[in-house]
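Chain nomenclature is as follows: A, B, C and D, assigned in order of appearance, with residue numbering initiated at 1 for each chain independently.
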């Protein structure tokens, strides 16, 4: 199977996983940089992630222009994706969602920070982008390259950033990593809300975050991202797409 | 298909969606103004929304009198619907529910306000109607036109109002809009309870609410209400009723 | 169908409903007074409520002695049921559960009180029974008539009472009423915990409680308890057992 | 059936139960001491617990060395299990998980203590192990015998201990007991978070804990652990593996 076919497979399965895990509902999307052309990215046509099929994957230039436009309706917010691929060479996949537990951290001063080893992928600082800061009153959607670039500036060199009154966006070195980070962003947010009600929280130290991230970067099949992917494939009814370490 | 048949389809599908999304349980109902006669509305006979079929839809005069009464049992609280259609020409659909996260805002001084872009449909002010204010001790149900009119006065020109110790009612320009608003009223309430535990909340600004509402009003197939409807149809086992933008 | 057969049907369906609604897990039970003999009650043999079948229903004297003992294992806590039937002529059904949201009100000073019209069935006062008060350290289970009678004294003339560190027990004039009360005890507890985090709660007034209870007492098929029962039957996979108002 | 075959059956069913009850997700594991050799234990190869089959069960020496290594990938954290079997003769089974409600108690000063009769199995003191204390910055995983022994010291003679920013581990005299304790650790944590929001909590007294634990130790088929196991088997799709008291 070509690398392109593998990436498209992961986009379809990743969309279904994000729906099954409750990270996306009717809204949200996952993209990948084109494996053969760094100046393009792949993203489904506009539709709920749970419904994404292979034929729904479209190709875009980094400024959001559809390649070989065939009339399929693209996501309005494709500018989030393009801007991040343009700003960061290391980014190979982007997930944008409105997952629920994260929202409270976008509208309060409470700072979301990793407290669980599995959420070390969120990094040492999770910034919040507020469309108001640069653009004043808007409909909060990232509907232009200018807004996308402003968001990319705030995300900076991190793995995720929150969007005030809207949701969050994460980046990864692969679709599987981005999906993993999106899920554990939600898990960490949910646990941090609970823990906050009990008292002061002891978050992961910077040293712990570095060590856990470096272990994940070196993970083999069956470990870390891969074991989670296997589990989520099954829950999303996509077990047939998982080729594990033993096969 | 006639407009009337389309509206009845949406009432049946909308009832199932409200059940599947946990907005209604055994109780709650969705109605539509009759598309051919502004002085009548359509509402299922009294039964759990999950069970509503086409043949269950009854026709009512705005004062709640069943048209061509055939012995089917109407909902006691049909007066909510009639009073809103009588008071507001722009209202084409009404949803009444007891969805759980909204209840705490009906019995405390905490003010429910939109904090998420998807909940801008709730508008700038969500009033609380208390049967005690005008009627003293009651069984809390809106069981007369007098009570319905009192509630319509409190809802005023808005899209939703809460009912103390009881639930909430939303209005829309279509069944799909009213169902969307009912779902995001619940989502916003749930998120506002969580966010309140973290600190002061930055709600949507009035300007943002206006911009988002105007975008939704102009939405095309595949966007906003329509994409959510497609997703919810599938979750409610009603995917076959959705004719999307590509068909 | 004989009244006895109807009551046994309702016990089986009620057990399944309590499991499907998450009121009971592996533990908990629902009983009914024998319709032909006020000095006996009917209760399943010891097993998870989700598994109860017609043949599992046993007959007991009010002191908990199995009638025609055939070696089936009875619930240890049958003394809760017997003591309530002995103390209160009006009680026709009893539900005991460990439903989760209620537990916090059994171990804190917070007073559970109805805040939702559907939970008016809980009445004006929901007492907490603590085994410590009369019996000192125990395993918290009501494993004797003496403990059952002590609990019945605390429940007094009400419809429900909480049990510290253990759960709750409700009584009803029918199996359907007791199941309804058990479900709305849990719902009210869940909502009261949420509402407490927002501020002072305006509970139902005594007058409202009286009016709602009197409406429920006079409810016809398709209303109140009956509409909820129809809905819950369906969710519990027992729709075939519901004979509605139209049949 | 040999005792070994029974233990392996319980490991497979226990894995599925931990997944179905939401105690384990992609991660977590349950082991048993080898019934014929106290110096060995049984644990599945590395994979999500929901997928565990009989053929996945591997045999280990107490220092974590696989017996008859055949290339199957073992869990990295098998050192938790080995260290506990080495330190405690009475331990016959170990469950390690990241169940969500427990995490807040690992990162705050709030002390987890039993408040529900079913959670008396947690004992009078639930300590928190922090990898930082002895090892400084790590990736938080117990990846050596040295770390396993340090954790066993903190668990001491108890039935469970929490792990900061990571999860928890429980021990039992059988697989069924360990699974029961893992489930009720999560339930107690969830309820304690809720109850904390209502005020001061009245936890179980030491005398109550002793009495409940002694009842469970003497439980017959159909009671306590066994009734819960029957219920959980059914929910996990493993009802066919349960041979109840009547068969």
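Worth pointing out:
By definition in this document, contacts are C-beta pairs under 8 Å (C-beta built on N, C-alpha and C of every residue); 3 or more make two chains touch, one makes a residue touch a chain.
Computed from a predicted model, the values in this text were never measured in an experiment.
Steps from chain A to chain C, minimised over paths through touching chains, total 2. Summary of the copy comparison: rotating chain A onto chain D for the best CA superposition needs 90 degrees, to the nearest 5.
Looking at which positions face the partner, chain C and chain D present mostly different ones, since fewer than half of the interface numbers are shared.
Here the CA centre of chain A is 33 Å from the CA centre of chain B. Residue positions 197 of chain D each touch two or more of the other chains. Taken as a contact graph, the chains are arranged in a single closed ring, with each chain touching exactly two others.
By the definition given earlier, chain contacts exist for A-B, A-D, B-C, C-D.
By the touch rule above, chain B contacts chain C in their complex via residues 25-27, 46-48, 50-51, 73, 76, 98, 100-101, 103-105, 107-110, 132, 136-141, 164-166, 193, 196-197.
Partner chain B is touched in their complex by these residues of chain C: 115-118, 187, 190-191, 194-195, 197-205, 207-208, 210-212, 215, 222-223, 227-228, 230-232, 234, 245.
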